[in-house]
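Labels run A, B, C, D, E, F, G, H, I and J following the written order; every chain starts at residue 1.
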């Protein structure tokens, strides 16, 4: 099932730079893992913002919440979730 | 180049039903044509709304505007365009 | 799977009163049917508003959209859908 | 009497981790107590957010306020209360 | 139990003037009746607006909804309801 | 002259607890004084929030501003003032 | 006592042009009358908008409401009223 | 003096098509005239919207208002004006 | 040329009290100077808020920006500027 | 390709003044470099605000994001990007 997710990242200024780099590396590693597993089929950067638009493909709301809430940058993100249904004019 | 586009359709109530059906058929036909041409790679229905989330893949802003403004339902749509850049954590 | 849905009804003023009564009767009949089928386990009126808060229990986003978009009053409703996950502090 | 309550939790970053864990444990314990007493019949997690949608069943506004304002995480929550009336199309 | 209610009136322009006067007279008559019954203890005009701030004193949410939704001008009003609890610094 | 005032209190987290208790005691004492003087005829708690709805009865805008800006918790409050006129349907 | 008032005019499109001209003439005539009486000391056009910023100098909220609600264009205006107090840094 | 102006056009649906074409032709003709006179140095279409971003170079607020309020499509436009000052990092 | 300016002051809590008093004294001194010079003809306190409504009379946008951005409290203010044109119904 | 960009700068109060001056100098130097390269053809100060309106002329979304996200003040800026298409009434 597909979910449209927008994430805006607001890292606190007083975060230790090394800790922040470690968090970002962990985030990227987790993003790769989820993409390879087919759970996170689309991930785009919003031009000019520290934000992304993503599409997740998971079993249900609980799996989505488990994935999102365990992202390393989750504590610093504002997240909006929109359930996506099949569009009658979509092909393929 | 990719653009994230959300379209909310607000058809006027006094539209002639037959004319509305014709517009929707023309919209679907045009959507198929643009999907087949690779210009409109993603088209999803937002669950519970007469609205969609789309991704367009076009040459530039002018082509995007030409496509959107010539959609049969364009006069009845509220549209928000967001330019998408490559995300550093995206694979493939 | 559970979805939180808020529906605000904005009936057009020039709707024929008899047609409106027929629509409301059809809406109620459909609401009963969906409640009896277990698809619409909660339905509350928001005090002071022509609006409701509902919880739907359906298979997936597509079923939710099919149900909502076929409600007799759908053309006159503003709808907001929120996916509900299990809360770690919920019992039972 | 039923009240729809949405709570968004914004824990301050500089909260001592042990103190935060203690607060969360106290919050869960209090949530269980209120659920068992029938005061908090519904509690759902909003997917992708540190937030919940709840329904409370209490005697009056004063009891609701007493309950909400004494939750251990209350100082870190944004709360919206909506009174729920019986819906004319609700069954049972 | 007390409820704070703000009502903004948006009368449609094409309402027949005589019908509108009749509605306003019925609204005033009903407002007097509810004030005399002690159900509507406060009613103020917001300066510069076709709107009021009111306080209702009723048994429960259902009574409040029944009163508000049967006001003659209800179809033309935007209403916001806020439950009022006792304030710890209030006297008397 | 009557003014409708909503106050939302946002106490800073790093306020010294004893200092905060002293401020709240001073606020309550001042609220009692103003209520007894007839300047603050209504004071209600908004259920579920650290906020109140008040009605002040003062001579003019300057007196209102002097009262509000000298409240002990004023530095931590967001305040919205609405002038109240007599309503044509109010009795008594 | 001074009140800051912003008025945005939204004339309905189907207003008879002659009737609209008559309304605007009546509005101007009333505005002149109130300015000459010292009730409406400031009246400015917001550049690029069919809107104005005004300052009224009247006895109380009731007089302000009586003046505003009897303006010929009142039915087509969105009005925001802000009470103005003396500023401690103002001279003269 | 430079002004940043955003104009969103909301043509009414019941406008006679021939009258609308005439208005658009008059708008284009006036836009050309003002561009040639150096009053309207920048005019861009916002991609996906019936809206533009413009920069005007005029003598003062009164001239700006006179120009904007006399545009043929002015009755159907929502306009936001922002005064532009010289930027300390701008060259040339 | 006239500009309508609203300033909301948000002084940081951790500002040294003596430094804050010095800033406010400098602000008042500068406000007096600009009023005496005829640059700041109107300055009102918004009742109940640490905010003001002002009218400035300056040569152009650059002078306005120079004045506002050099106010001692500028770093702590949210400012909204609205250009004012002559109103066709204003007298004198 | 043209992009309209609004940047609002929110420098943190506890930034070391010397470090802030160094950042601003680096920002200005980078702004000059990009203007000379033709990438940043327009840069205006919004009167009364620590904000600018800019137009960028770059190859694609990725180049825009690379430029914006590497600006020295990027961590302190709120940025809104709007793609600009050619306007049918623009000349030259």
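Here is the rule we use: a residue touches a chain if its C-beta (ideal position, glycine included) is under 8 Å from a C-beta of that chain, and two chains touch if they have at least 3 such contacts.
What you see is a predicted model; the values in this text were computed from it and never measured.
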item: Length of the shortest touching-chain route, chain C through to chain G; value: 2
item: Chain pair showing more contacts of the two, B-H and E-F; value: E-F
item: Farthest chain relative to chain A (centres taken as mean CA coordinates); value: G
item: Rounded Å distance between chain C and chain I, as computed from the means of their C-alpha atoms; value: 50
item: For chain E paired with chain H, centre-to-centre distance based on mean C-alpha positions, whole Å; value: 43
item: Interchain centroid distance [CA atoms averaged], chain B/chain D, Å; value: 40
item: Separation of chain D from chain F, taking each centre as the mean of its C-alpha atoms, in whole Å; value: 27
item: Residue list for chain I, restricted to those that touch at least two other chains; value: 2-3, 45, 47-48, 61-62, 64-65, 81-86
item: Chains touching one another, given as label pairs in label order; value: A-B, A-C, A-D, A-J, B-C, B-H, B-J, C-D, C-E, D-E, D-F, E-F, E-G, F-G, F-I, G-H, G-I, H-I, H-J, I-J
item: Complex contact set, residues of chain D against chain F; value: 3, 5, 12, 61-62, 64-65, 68-69, 75, 79-81
item: Chain A residues touching chain J - in the complex, by the definition given at the top; value: 13, 45, 47-50
item: Contacting residues of chain C [partner chain A, same complex]; value: 1-3, 60-62, 64-65, 81-86
item: Touching residues on chain C, where the partner in the complex is chain D; value: 2, 4, 27-28, 31-32, 35-36, 42-48, 52-53, 55, 82-92
